[in-house]
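You will see two complexes here that share subunit A, one where it goes with subunit B and one where it goes with subunit C.
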Partner chain A sequence: MRFPQKVASSAVQAELKTITQKDVKDCYQCMKCSSGCPFVADMDYKPHQLMLLTKLGLFDQVLKSRSLWVCASCLTCSSRCPRDIEPAVIIEGFRAMVLREKSDDKIQAFHKPGMPRQALIASMRKNRR
Partner chain B sequence: MLGYYPGCTVRAQKDDGFERESMAILATLGIPALDLSEWECCGAVYPLTKDEYAPLLSSVRALKRTGEENRQGLLTLCSACYHVLKRVNNRMQNDEVAKKRVESYMGASYDGSTKVYHLIEVLQDLVGLDRLKASVVKPLTGEKIACYYGCLFLRPKEVMGLVDAENPQLMEKIVEAMGATAVTYAYRTDCCGAFHSFQKEQLSQNASQRIILAAKAAGATQMVTACPLCKYNLEHCQKDLALKDRLPVRYITAPMVEAMGGLTALEQGESARQTAN
Partner chain C sequence: MRIGVFICWCGSNIKNTVDVERVAQEIKKLPHVVYSSDVQYLCSEVGQSEIGRAIDEHKLDRVVIGACSPRMHEGTFQQVMISKGLNPFYVEIANLREHCSWVHTDKEKATIKSIDLVRKAVAKTKHAIPLYSEQLGVNKRALVIGGGIAGIQAAIDIADAGYPVDLLEKESSIGGKMAQFDKTFPTLDCSACILTPKMVEAATHKNITLLTSSQVEGVSGYVGNFNVTIRRRATSVRSDLCNGCGECVTKCPKKVDNEFDQGQSKRKAIYTLFPQAVPNKPVVDRENCTYFKTGKCGLCKRVCTAGAIDFDMQDELVERAYGAIIVATGFDLNKPTHLGEYHYGQHPDVITSLDLERMLNASGPTSGKVMRPSNGQKPKRVVFIQCVGSRDKHKGNPYCSKVCCLYTAKHALLLGEKFPDMESYIFYIDVRAAGKNYEEFYEKARRQGAKYLRGQVSKVESLGDAENRLLVRGFDGSLGEQVEIEADLVVLATSIEPKADAKQLASMLGISSDQNGFYTEAHAKLKPFETQTQGVYLAGVCQGPKDIPEAVTQASGAAAKAIIMFNKGQVKSVPTTAIVNQDLCSGCMQCKPVCPYEAISKEQVAERVAGQTRQRVVATVNRALCQGCGACAGLCRSGAMDIGGFTSRQLLAEVDSL
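So, the complex of A and B:
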């Protein structure tokens, strides 16, 4: 992160705040979120790194990050966060920002036999695809 | 009388017996529960975004109906329904804006007064572990049971709050009341991979395998859970193993029914009681 990078506009930063009602500036990088995350091995940016990027306003990196779609909202990070930032909520906020953009993608119908309905509904709602 | 909210998954997977076993256990212990006259899916995930209100509606309708039908609380068996209903109820109690938005959308008011119960909460609070112990006819001596709660049941601890999110003990107490030994193992409060089994199977596979391996290492002979999706993931991650190497994953009700004399006996006892009345 040595090179100058594009910082998200204040309108976009305000949008995230409206969605999440949380302030990432309180994060002091204790890494409790990343230490407890069961999916950290599959993430490009770890939860605490996502929080730092958010704090710095480098939203582009977060929005393109694979981690957004790896998070299963198990809330381990949120429940252990000593600053009550709730990383799971911030991550959901970024997901919502991506999903609320209009897209021409068609929703694909596919079916796996035996899959509990709960998974189908949750997966559709978290990914809209 | 409790209102019963079946939820989409438990009702659709009726054949796996979770619902039937739970109802038989509750009827035997004298806690009747009756389906709500109408219900719809709770949405499976609680909206973490604070500016969306439509996803709260279906749960609020169920919670409101519970009071209208004069039920003392809303019982659910599925951890996801429990999580969503309880959190929505909490939101209705504490978030004025959400309450106002939801009410104006529904054209009716709801005050958050319905109590949401999970099956194992009923067993602890309305039945009591002593009575549970007294109902055992065939103790599960020698069984080493690993209890798996799942994230939806535990977190966020401020709202869910039924058990300690980092060291839950309720299911352990229940299986011990049944005469079995509860084993403590690593990763027991970790996520099983949840809905990733649908589109990113490898993720849930890895997460679930870690839990299963830890339970096996602790010497478990079976694992119990109360969530249909956790059960699916934990079973499915062992699909490549030989049958004898798999750790059986069952609903918490399965060993209970065994200890209480079997499903047929429970249901016969219940119908005999009904005729006597």
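So, the complex of A and C:
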């Protein structure tokens, strides 16, 4: 890979920031997320790699990846991330951006108290319910 | 003679491999051994009182210990002897741990070896002679070599304690490397702002004498009584007359590469080191001054209204006496031209971290503006490369330079603040942020946008494009692929190295350096600023890479050692030194040239032979200078020279017992 690369526009980066409310820049590549992910064997980019790609602004590679849809939102990575970045939240943030774009913004935010938001949305997305 | 033997279990360290009870029983059979026991922890208070009790009950006059290395507890057991009124050199220690139980696994053989070792010690102690320390007077004046932050701190502490200090500095101003920095991590304090108050304190303290433009020429003597020859270099400026107006510097026509700015700017042949220099008096660089090279010019002398320029000034050699010496000579930063893969020295936009630091500094070559050296443009993409020449067994230094991870984070932060849309990439192997608030500082750099890529850089080369940019080829371990970055500026975190003349100074002072050239401390853990030479202490990076708080800590520690010595006013000499039996000495003086400490000299003794008084030459040892190396004793043909605590009779008795 050669830098400079095509990076996501500041608008898109800001959108991800708004959805996730997390700062990926703080990631220090400890790889704890990948080491605990139960589905890492089926992923092309592992969770820590997705975090680095996000940090570098290489959103295209994240959006084209298999990993984005293999992620089960089990939240193992989020519960263990020492920087409180919550990789599952970042990944769901990307999924949300894809859905918003593809659904012409018809998908609304739904919030049930006590339930992690992205688990609910991931379930709805996968099971169409 | 009544010998008591004590074999230590050392918990399980000795007991697991050596049958300590059997050793004690076997030794009991030797003549003169009246008491023999094994104890779980001899060094503990319980163990020590058991020795004391046995001495009293059994009227022991010699003690043999089978335990750990004497380096651990020789002092402890000697104290027990002293407390019971016995000479401390009547205790002999057999090392059953480092020399036996820790290096063998066969229990039977280790036990037999232990018996041999203790029997050897018993044989040695039979011929022990009592030795007594002398009290040496102490000259209560300290010399601090090096005027950086460590030297300044040490000088201030000793001066505050009420003792006079000479602060020696090779350059024309004190301040050292810290004077070159812009900001310091993790507080981002302006370096000069926190340094200059200390510089002023050192300059104005009534107990501190600043000797700038000076260096050590020779050292002799011993702890409490060092004689140092100092060369005060001719600056050609009379500091008593100069008022620091700076006219000479302004008018001087000769420009020279400014070493303080890493060669990125020019200074004059007559110059002050930096604006806040202490003392703020200019000096003439005779190697580059036109007057000294050709006899023409002399403009500075003409414009000086105070008449302070003196071209006839000569170097002055000054002899001074000191009780303690603190070495705080600092370091140099390597310029990695020998690592061709980084293109340093071949492309102007490949710079070292110190080059960048000077650029960031408002009084630096670019007045604080960071720019690409090649075209003066602001950089849009900067690549930092860590561990250039450090952690490198192949072509560099094997050690870690310790401070670069943090100062690169600082650089990324400072550049990010100046240029918010600049991208910075940092190629690293590990990020070492072990100090207080250092991890949080690293977080700050990350949050600001510094892109850390774990992987080293293989090559930096010219892109050959219109903007004369660089191509950095590295690797990112996280993504697992090669990464190439088109960079405007490449900053190399190069290796901290000891100064070029560090070894020379070490041999003058009688201290040693390790294989990397840093001065060796007496004990890596517990004596980090003492050396093997009593009275010479270490402070700062000359002992090993460290950050500013560590240098200051070490400086205060070294100062404390000097203050302790001065407060006592006396120093106990080490009695295990060479002793001459003048009755046997033939006066051949073959011993004198082999002594590395020049401790042996000739002496005339008067004797009465056949009714007449005769003068005879014999050798005499300055027992304060002598370090007990034994070279003279080994050489002495008459057997007149012996080492206290290791006499020939003792050593031969050891050999005979085996």
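Here is the rule we use: the second predicted complex is superposed on the first by the 101 of 129 C-alpha atoms of A that agree within 3 Å, B and C clash if a C-alpha of one lies under 4 Å from a C-alpha of the other, contacts with A are read in each partner's own complex, and residues count from 1 in each chain.
One rule holds in what follows: a contact is a pair of C-beta atoms (placed from the backbone, for glycine too) under 8 Å apart; a residue touches a chain by one contact, two chains touch by 3 or more.
None of these values were measured; they are calculated from a predicted model.
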First (subunit B), second (subunit C), both or neither touched by A:C30: neither
Partner chain in contact with A:Q49 - subunit B first, subunit C second, else both or neither: second
Contacts of A:A14 with subunit B and subunit C, given as first, second, both or neither: neither
Touching partner for A:P38 - first (subunit B), second (subunit C), both, neither: first
Contact breadth on subunit A, by residue count: subunit C or subunit B: B
Footprint overlap on subunit A, comparing subunit B with subunit C: none
Subunit B - residues contacting subunit A, complex: 7-9, 12-13, 41, 43-45, 48-52, 55, 78, 80, 151, 154-157, 165, 187, 189-191, 193-200, 203-204, 206-207, 210, 228-229, 232
Residues of subunit C defined as touching subunit A within the complex: 381, 423, 425, 431, 442-443, 446-449, 451-452, 454, 476-486
Of all residues in subunit A, those that touch subunit B in their complex: 18-21, 38-39, 41-42, 69-70, 72-76, 78-79, 88-89, 92-93, 96, 112, 114-123, 125-127
For the subunit A and subunit C complex, residues of the former touching the latter: 1-4, 23, 25-29, 31, 48-49, 52-53, 55-56, 83
